[in-house]
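Chains: A, B, C, D, E, F, G, H, I, J, K and L, in written order; residue numbering restarts at 1 for each.
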Amino acid sequence: MPNHVYKVVELVGSSDESVTKAIDSAIGKAAATLRHLGWFEVVQVRGQVADGKVAQYQVTMKAGFRLEDGVSPGKD
Amino acid sequence: MPNHVYKVVELVGSSDESVTKAIDSAIGKAAATLRHLGWFEVVQVRGQVADGKVAQYQVTMKAGFRLEDGVSPGKD
Amino acid sequence: MPNHVYKVVELVGSSDESVTKAIDSAIGKAAATLRHLGWFEVVQVRGQVADGKVAQYQVTMKAGFRLEDGVSPGKD
Amino acid sequence: MPNHVYKVVELVGSSDESVTKAIDSAIGKAAATLRHLGWFEVVQVRGQVADGKVAQYQVTMKAGFRLEDGVSPGKD
Amino acid sequence: MPNHVYKVVELVGSSDESVTKAIDSAIGKAAATLRHLGWFEVVQVRGQVADGKVAQYQVTMKAGFRLEDGVSPGKD
Amino acid sequence: MPNHVYKVVELVGSSDESVTKAIDSAIGKAAATLRHLGWFEVVQVRGQVADGKVAQYQVTMKAGFRLEDGVSPGKD
Amino acid sequence: MPNHVYKVVELVGSSDESVTKAIDSAIGKAAATLRHLGWFEVVQVRGQVADGKVAQYQVTMKAGFRLEDGVSPGKD
Amino acid sequence: MPNHVYKVVELVGSSDESVTKAIDSAIGKAAATLRHLGWFEVVQVRGQVADGKVAQYQVTMKAGFRLEDGVSPGKD
Amino acid sequence: MPNHVYKVVELVGSSDESVTKAIDSAIGKAAATLRHLGWFEVVQVRGQVADGKVAQYQVTMKAGFRLEDGVSPGKD
Amino acid sequence: MPNHVYKVVELVGSSDESVTKAIDSAIGKAAATLRHLGWFEVVQVRGQVADGKVAQYQVTMKAGFRLEDGVSPGKD
Amino acid sequence: MPNHVYKVVELVGSSDESVTKAIDSAIGKAAATLRHLGWFEVVQVRGQVADGKVAQYQVTMKAGFRLEDGVSPGKD
Amino acid sequence: MPNHVYKVVELVGSSDESVTKAIDSAIGKAAATLRHLGWFEVVQVRGQVADGKVAQYQVTMKAGFRLEDGVSPGKD
């Protein structure tokens, strides 16, 4: 089992449809630029209300990815 | 940015279909009588089991709304 | 299983006799005016000291009750 | 030491000047309609940023007040 | 109201489709062998990412069931 | 001081009389089948309300017991 | 309202009879030597089990007292 | 990625040498009887003091293992 | 309501004058390089003591900003 | 970097003017008798209300100081 | 089982070698002056970094000891 | 005492030997690219099990470093 170092970033995804789509939007955007994205953990679920209905679901997540050799954890 | 005062109430919505519908039912009921309902935050997700399946999803939420001038925070 | 909406209020009961009586005093007062009061959960137990003894037990609780149809969650 | 029952409500005060003024605005509004308001506890301090500066401080507080005899905890 | 004793176990359900299906899979498996399974509470929602998308939702839950008379809490 | 391994189980005791009796009922039932039961820790105190009074106190506890040599932690 | 400074100490009281007596024993001992002891807050309730019954209730508390002028907070 | 169900048990390992050996003793004992033991998470580190030195390190852990098909989560 | 993705970073601001100035210094520095900085939340307030007085207030904050399209969450 | 041992005490400062002055009053009093006082951390901010305004801010803090050689941690 | 009263103090031990030695240094110093020191619990592990390496491990602990009859909890 | 701004990043270090080596690996990798790395705080200790033994220790940490003038907190 190789001993890697990982970095964890905190993201908020949002969706007007569902909690799941809010998660998916943030993971999709993160995965587009972060290589080796491996896992996420939901930190908080909240949302906005408008016209008597949920207008937007907002999910705060931590997402972890493996740092490549020779790459700064500061560069994500 | 106007400096308002908001009140936060705690609600539990329930649904036999999904977590999302449990959220929606509580927000819908709250919005029917609370003007200026603005946001919610999920506090807990739990549920009842019957006949070996989830019989009801129950979501505890905090919901915040702006207090109008001249209206008591005690009157919600 | 009917899908109701519930409201949760936070109360503090006090007693110079015991923690149990502090709980009972708050539930009794709440039940006198809130219909459909269903459950409670203890949040904190604290107290005052005087003359070298516990002078008062104070129990903070959350108490939940079902909202009737057509009644505002803001009106409790 | 009389054994009263208290109710705790959650409020958010806001100010574009300071955290203290955000607290004061919520307490002032609550005290205008709630008799016997006695104490508060800060739950969260957050804020909005605009034009590279803090545009608004927002303080979430719990505030407790004594319930009079014959008054519903649901009526605050 | 009969005074029973209950046991609470911690389970992790997983699904490649949704959080709800992850809950359902764990409850379904638990209910197959635990009689009197009554309620659950979500402790954590996390997941695995692969190929830039959520590959698996993982939900940690506590699930409670009533102990029958004469049955050990150690035997679940 | 011998170096043992212990297992911790989560139980809910209930009583219509007091918090203490709710604790005692769960410990009594657990001790009947778990050898070497050593300690407990209260996790949560809650209850049900009926007819304007507390109808049942429910205490969630963690209880720890020493595993004998050659016995599976899975068998409690 | 005079602006005092208070110190908070952490104590564990124990009793083989009840949680309440465990609280009382610690407050009684603390009050015997600490002047101006004013309030306490329960941090944890746990206990020991022997012969299949609760052998001792142990209550961890924080207790606060006012510091007199010219007295070190280090001297309690 | 197969969608399994996992169970999580809570264990306390102890050692008079180090925190690491306390972890290892509990994992070793658990692995002897639980198939598919996969991960652990440290919940608390505490210890006993005797003769002015640490006499025993005690580590509380959660440990997770995959449930085989056809096996009860109650049977661990 | 557009469905954006946000990133949250953790910062510590410090000031020898007040908590407010510690917040302002961190927000000011962050806003100088992060576009679309929108909100912050205080995580912890601590400080250093020297010569019997508070020498520095240190405020740990989370600060959130919207990610532009085509920009990596790793690049902040 | 010398390897010292530190002690942490819990204090409550109060002020009728501001949160900052409540912090300062407790640190000032503690520093008068505790040598090597080094840092503090805010645990809770609360207050009393009178005549519809905040009458007193109360700040609970942990404060740490280095123990000199040959001095008991019990003597603070 | 005798019903004693215990006091809990908070200490920080430090070491440039390991977490274990940081624990041992604080327990050793505390035990030199506190009679009846019985147990400890780790609250936080942190450290300082210098020259790209961990320069010091710092462990915050709670440590409990039995109060003798006739001795003030304020005198530790 | 100069009033700097610091950034805090979250890292996971892993080691098949010990918790300490898992900490050291993450700090070593972070220090290689982050100037002014100053402190860390352990958030979680967990690990993987294989063949009945701990196969890997994984330590989640927060690590703080001072931001230089003219450098974006977004660039770490």
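In this text, a contact is a pair of C-beta atoms (placed from the backbone, for glycine too) under 8 Å apart; a residue touches a chain by one contact, two chains touch by 3 or more.
None of these values were measured; they are calculated from a predicted model.
Contact with chain F and chain H alike is made by E.
Between F-H and the choices I-J, D-I or A-I, the pair with more than half the same contact pairs by residue number is A-I. Across B-D and I-J, the chain pair carrying more C-beta contacts is B-D.
Chain C and chain G, compared by their mean Cα positions, are separated by 25 Å.
Averaged C-alpha coordinates put the centre of chain B at 33 Å from the centre of chain F.
In terms of their C-alpha centroids, the spacing between chain E and chain G amounts to 39 Å.
Within chain E, residues 9-10, 19, 32, 48, 75-76 each touch two or more of the remaining chains. All chain pairs that count as touching, in label order, are A-B, A-E, A-I, A-L, B-C, B-D, B-E, C-D, C-F, C-G, D-I, D-J, E-F, E-H, F-G, F-H, G-J, G-K, H-K, H-L, I-J, I-L, J-K, K-L.
The part of chain G that touches chain C in the complex is made up of residues 19-20, 23-24, 27-28, 31-32, 37-42, 63. The touching residues of chain E, counted against chain F in their complex, run 1, 3-10, 62, 64, 67, 71-76. The touching residues of chain J, when paired with chain D in their complex, are 18-19, 44-49, 52-54.
Put simply, chain A touches chain I in their complex at residues 9-16, 22, 25-26, 29-30, 32-34, 48, 50, 55-56, 60, 75-76.
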